[in-house]
Amino acid sequence: MTVVPLTKATRVATLLSGRKRARRPSSSFLRRLLRNRSAAFGGAVLIAAALAAVFAGAIFDADPLDMVGRPYTWPFTDRLHPLGTDMLGRDILVGLVYAARVSLTVGFAAAALSTILGVSLGVLAGYFGGWTDGLISRLTEVFQTMPPLILAVVVVTVLSPSVGSIACGIGIASWPQIARIVRAETLRLRDSEFVQAAVSVGEGHLRIVTGHILPNALPQIVVTGSILVASAILTEAALAFLGLGDPNEISWGSMIGAGREAMRTAWYMTALPGLAITAVVLSLNLLADGLNDVLNPRAGNG
Amino acid sequence: MHRPSAWLSTRRSVLAAGTAGLAAATLSRGAHAGDVAKPGGTLVVVLDPEPAGLVAGISISAPAVAVSSNIFDGLVVLDEAFAPRPQLAESWETSPDGLSITFRLRKDVSWHDGRPFTSADVQYSLMEVTKKTHPRGNAVFANLTAVETPDPHTSVFRFSRPSPVVWAALEGTETQILPRHLYEGTNPIANPWTAKPIGTGAFVFKEWVRGDRIVLERNPNYWDKGRPLLDRIVFRTIRDAGSRTATLEAGEAQYGAMNPVSLADTERLRGSADLTVETRGFEGSAPMYFFDFNMRRKPFDDIRVRQAFAHAIDRTALARTIWYGLAEPATGPIPNYQKAFYNPDTPQYAFDPKKAEALLDEAGLKRGPGGVRLRIDHIPCAYGDDYIRAAEFYRQALKRIGVELRVRTFDLPTYLRVIFTDYDFDTHSAWYSAYPDPQIGVQRRYWSQAIKKGTPSSNASQVADPDLDRVIEAIQVAGDPAERNALIRRFQSVAQEKLPSINLLELKFFRVYAKNLDGISFAPFGGYQSFKTVSTSA
Amino acid sequence: MRKPLPVAGSSRALRYLGLRCLQAVPTVIAIAVLNFFFLRLAPGDLVDTMAGEAGAATPEYMAMLRQLYGLDQPVWTQFLHYLSRLAHLNLGYSFRNSTTVLDLILSRLPNTALLMLSSLAVALVGGVALGTIGARWRGRWPDALISAISTVGFATPLFWIGLMLIVLFSVHLRWLPAGGMTDVEGGRTGLPYLLDVARHLVLPVFSLAVFYVTIYARMTRSAVLEVRELDFVRTARAKGLAPRKVMSRHVLRNALLPIVTMTGLQFGTLLSGSVVIETVFAWPGMGRLAFDAVFQRDLNLLLGVLLFSSCLVVVSNLCTDLLYSVLDPRIEVR
C-alpha cells in the first residue's frame, strides 16, 4: 500500500482545477464543511475514534493484553465479551478501543512527520529555487524512487519495531509526495501579485513564507495531510501483517497480524480490526474529499 | 566388540548387506492394510523459507535438509530406536579402543552424472567439507584426525579420542557425502554445484526456480532397487502460513515439511478428512524450549529469583494455549523420548505463584508502588509469532507475582546480534535442538566453554558453573557408554538444580500431509528424510 | 520534479532527453550511496542469518563465511568494491540464494511486471468506466454507489481482501488456485500454459485492482466534470453534437490526460506495490525478493533490487513526461 495514488490524484485534479481558487478560506469554512455530508460523516467517525482512544482507560479499566476469557469466544455469544475473545482469551472489544490509540497515534505522527519534512523541504525548494531547488529536488527524487513500503520496512528494522519507529518509517517513506505538492504551490504563489507586493515592500523571507505562502498553501496541505493519515494507518496494518509490529502495544494492525494465523478458524479476529481500519480510513478519505470541496470549490465535488 | 554408544546397545553394530530395503520398510509404517502402493506420480511439498543452497552438507538449514536428503545419502540412517542402519555404508566395525571405525561401502552406487561413488568421496566429504564448512561439523568431528581409503570401497575413520557422539551426526540429514570430483580444489560454499546438486540419492535435481519451486525427478539408477516410488517431487516456496494452509487444504500440495501451518490451524486440520497432522519424525532434532536468564545481570544471580520464575509459569497451560497441545512440559534439558539418556528423576518446579512470591520476598524483592517488584525485559526468539505470543503469556504470568516484563522483538539477524553478541537482555526464551546426542545440542546451553560471543545457539545466559562444567567435560571424554549415560543422567540433575535456565517445553514439531500418502518415515529424522519410500495409495 | 517540456523540434527534445539522463546519473549514485550505508545500520549481517538458519555454528565457520563474503573488510573498502562493480554493471552475487543478483532480478521481473501491468490494465479500464458513469450521473444513485464502493475498496487493507478471496474462492469453492504462478504439475507449454498462468493471476490481480480502480474512478470522474465545463466542449455541445459523441470524442479524450500521467507514475511503484499481495498469493515477484533480502541482510541483493527499481522509476518518469508532451503540448506539468 503506498501513499502515492490519492495524493497524486488530488494533485493532478488540483492542477487542473484549483489554479484560480480563493486565496483564503472563507470565514464560513466550518459551516460549509459541516454542510458537506461526507465531511460531516467522516469527521463524526473520526471524533468518535479519537474519543475512544483518549478515554480508553475510562471506558474499560483493564489491560487489553490481559487474558480474561476462554480463548476463541465468538462475537455475540458471551455477554461478558460482546465481541468475543482472541486465541489467548483477550477481550476483542477492549482491544479494539485501546488499539485505536496506537493506530491513530501512528497515523497522525507519521503524517505529521512527513508533512513537516515535506512542507519545509517543499517550501525551501520552491521559494529559493536555484541550487537549493536542484539539491532538494534530487533528494526528493532519491527518496521517491525507493519503494515506500520497503523503505519503511528498512527503517523499522534498523530502529527495531516500536510505535515510534513505525511512525518514523512511514513518515520517512511518504514525505516526497507532499514536498512535491508544496513545492509546486510555492512556485505558483511566489510569482503571485501579493507575494511580489510583499517583496517590493521589503518583507523578509521568513515573513513572506509564513505570512503569505504557507497560509495560501494550507488548504492543499490539509487535504493531502488527511490522506497521509489514512494511508499511514493502512501502512501500519501492512507492516503488522508482514510481522513488523510493536509487541508491547496493541494496534488494529497488530490485531490483524495476530488474527491472521487463525484466519481460517476464527475470521472474526481479523475481520473486526479490519472493519475498524476501513471505517477510520474511509472517514479520513471522506473528510479529505469534503475539505477539498470546501477549500477548492471549483474542483467540483470530486 | 566395542559398542560405540548406549543407543546402539540394542543393535549389533555390524549389519549384513541387503537389509537396507528391510530397514526402509520398518521405517515406514504409513501403509494401510489392503492399500496397494501405486508407483509414479508427483508429490508437491510446501516449503518455507527457501533454502540458501541445495546441499545441506554445506549450507545446512531445515528446508535445505528437507530438499537435499532426497538428492544425497549419508553413510547411515538412524532407525526409530536411534540405532544406525546401513545407507551408503553396508556395514561397519568399531575398533576395541574406540579410535577407529571402518566403513564398508556399497559397490553399486554412482553419482547422478554417472561417475562411481568411492571411499575418496567419503574422505573428501568428511575432511574437507564437514570438518571445514559445516556449521557444527568442526565441533562434532573434532577428534576425527583422518579418513583412510585402503580401497575404493573401504573408509577408515581415525580418531584421536573415542567419539561416540559422531554416530548422532553420520545421518544423511546432517553429514552428506558429496562428489569429490566436482568439489575438490574449490570452496564448497561458493561452488556452483551447490545450486544444481549432483548426488547419489533417490532423486535427481531437475530445476530450481527461485522464489517458486524446486523440482526433483526419480533417479532410475538408484542403488536401492525398487526405490523411489514417486516420479517427481516439487517443492513449492510459500511464505505466508495462511496461504500454505490453503494450498494444503485445496489439495494443491500433499505434504508440508517442518511446521507448515500455524498452530491455530493444526487444531482444525487434525479433524480433517484429507490431511494428517503428524508429530513423529522430529525426535532427532528434538526441539527443547526454554526460558533463559542473563546470569551476569542482577538479580538473576540469585537462585531464589530463578526458582520463583520457574514456579510462576504454568507450563501445562502454556502447552495447551500457545501450542495447542503440540508440546509437553519438559522435566529437564533432555526430552523424555530420548530414552537412553533421559533422567525422569530431577528437581522439579511446580506451578505455584504463592511459592514464587515467597521466594521473591525472601530474595529481598518486595512489592513496590503499583505492586511491582521488578521491571525487566524479555526477548523471545525470532522464529515466528508463536514465540511472541508465548512472551505475552510470560508477561501475564509474571505480572501476577509483581514482575513487569517488557517484550522486545526483532527480526532474525538483529535478534541473533542482541542475544549472542551483545548479550543485551534480562530474560530470553528460545528453543535449541537437543539432537540425538546431548553433547551436540544440550551442553552448549550449560557449558562455560560454549560462551562464544557472536555464535548463534551458544550459551547465551553465560552460565559458568564449575559443577556443570565438570560433568559436561566428563561426558565428552567418556568412552564407555554405561559410564557416559550415567554422567548424562547426573548432568540433568545438576542442570535442574542449578537452574540457570528453565526448561519449559518439549516442542512437538509437525508435518501435515495428505492421508493417501504411504511410506512416510517416522524415524528420528523422518521429518527431514528422503521421500524414497513414499507413494500415493490407489 | 518535472520540468517544463520544450516541445518544438525533435533535436531540442533529444537534447532534453540527454539532459534528463545526465541528471539521473547523480540520482542513481546517491541512491547507491544512501542504501549502502543505510542498510548497514541494521544490526546483524548475512552470516548471522545463515548461522541462525543453520541452528548452530562455530566461530571459525562464521569467520570463514565473513571472509568469503568480503564482510570482514572495512566498510570503505567494501563500498569501493561495490562502486567499482557497479561501474562494470555488475550487481554482484547473492550468497543467500546461490546465484547472481542480476539473474534473480531478471527471473522475478517478468512475474512482477505481469502482475502489476494486469492490475493496472484492469484498474484503468474499470476505473475509467466507473468514473465516466459517475460523472454522467453525477449526484444521483449510480454516482453515489460507485463512489461508496470504490472508497470502501480503497480503505480496506489489501492483504485482508486477498486472504478473504482465498478463503472464499480457493478453499470453499475451489474455483481458483490459492497461490503460486503456475500449476505445480508444470510442464505445460503454449496455450495451456498461458491459461494456467491466467487462472493463477485472477485473484491477485483482482485484489490489487480493487485498490487502483478507486484512484482511476475518482480521477476520471473529476477530470470529466472539469473538462465538461471547458470552452471547446461547450462549443461542441452548442453545435448540437449528440451527448454521447461529446462525451467520447471530446470530454473523455481530454480527461484521459491526467490519467496517463498517473499511470506513468504508477509504473514507478511497480516494484513495491505488490510486496503484500506477493506474500499472500506466493507470487514469485520482486517485492517479496526485496522484502526477504531485508531480513536476510542480503545487502547485495537488496541494493540490486533498489537500484534496479530506482532506474525503472527514473526511466518511467521520463517516458511519462515525453508522452505527456506528445499528447497535449498545451499542458505544462511542473
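Per-chain residue numbering starts at 1, and chain names A, B and C are given in the order in which the chains are listed.
Everything that follows uses one rule, which is that a contact is a pair of C-beta atoms (placed from the backbone, for glycine too) under 8 Å apart; a residue touches a chain by one contact, two chains touch by 3 or more.
The structure presented is a predicted model; accordingly, all values stated were derived computationally and were not measured.
Visitor: Among line, ring, star, complete and other, which best matches the way these chains touch?
Guide: Graph shape, chains as nodes and touching pairs as edges: complete.
Visitor: Which chain has its C-alpha centre farthest away from the C-alpha centre of subunit C?
Guide: Between subunit C and the rest, the longest centre separation is with B.
Visitor: So, comparing each chain's Cα centre against the centre of all protein Cα atoms, which one is closest?
Guide: The most central chain here turns out to be C.
Visitor: Once you find the CA centre of subunit A and the CA centre of subunit B, what distance in Å lies between them?
Guide: A distance of 46 Å separates the two centres.
Visitor: Between subunit A and subunit C, tell me the centre distance in angstrom, where each centre is the average of that chain's C-alpha atoms.
Guide: Each chain reduced to its C-alpha mean, subunit A and subunit C end up 22 Å apart.
Visitor: Just give me the whole-number Å value for how far the CA centre of subunit B lies from that of subunit C.
Guide: 41
Visitor: Please list all residues of subunit C that touch 2 or more other chains.
Guide: 42, 163, 167, 171, 279, 294-295
Visitor: Residue numbers in subunit B touching 2 or more other chains?
Guide: 242, 246, 249, 410-411, 414
Visitor: Any chance you could list the residues of subunit A touching two or more other chains?
Guide: Those would be 157, 260, 263-264.
Visitor: Quick one: which bits of subunit B touch subunit C in the complex? Just the residue numbers, please.
Guide: Against subunit C, the touching part of subunit B is residues 42, 44, 49-50, 52-54, 59-62, 132-136, 138-139, 187, 189-190, 194-195, 209-213, 215, 234, 236-240, 242-243, 246-247, 249-250, 252-253, 410-418, 432-433, 441, 444, 452, 454-457.
Visitor: Quick one: in the complex, what on subunit C touches subunit A?
Guide: 1, 23, 26-27, 30-31, 34-35, 38-39, 41-42, 134-135, 138-139, 151-152, 154-160, 163-164, 167, 171, 211-212, 215, 218-219, 221-223, 225-226, 258, 261-262, 265-266, 268-269, 271-273, 275-276, 279, 287, 290-291, 294-295, 306, 309-310, 313-314, 333-334
Visitor: For the complex, which residues does subunit A have touching subunit B?
Guide: Against subunit B, subunit A makes touches at 65-67, 71, 87-89, 157, 160-161, 243-244, 247-248, 257-258, 260-266.
Visitor: In their shared complex, at which residues does subunit B touch subunit A?
Guide: Going through subunit B, the ones touching subunit A are 241-242, 245-246, 249, 262-265, 267-268, 321-322, 385, 388-389, 391-393, 395-396, 406-411, 414.
Visitor: Residue numbers of subunit A touching subunit C in their complex, please.
Guide: Against subunit C, the touching part of subunit A is residues 1-2, 4-6, 8-9, 12-13, 15-17, 125, 133, 137-142, 144-150, 153-154, 157-158, 180, 183-184, 187, 230, 234, 237-238, 241-242, 256, 260, 263-264, 267, 270, 274, 277-279, 281-282, 285-286, 299-302.
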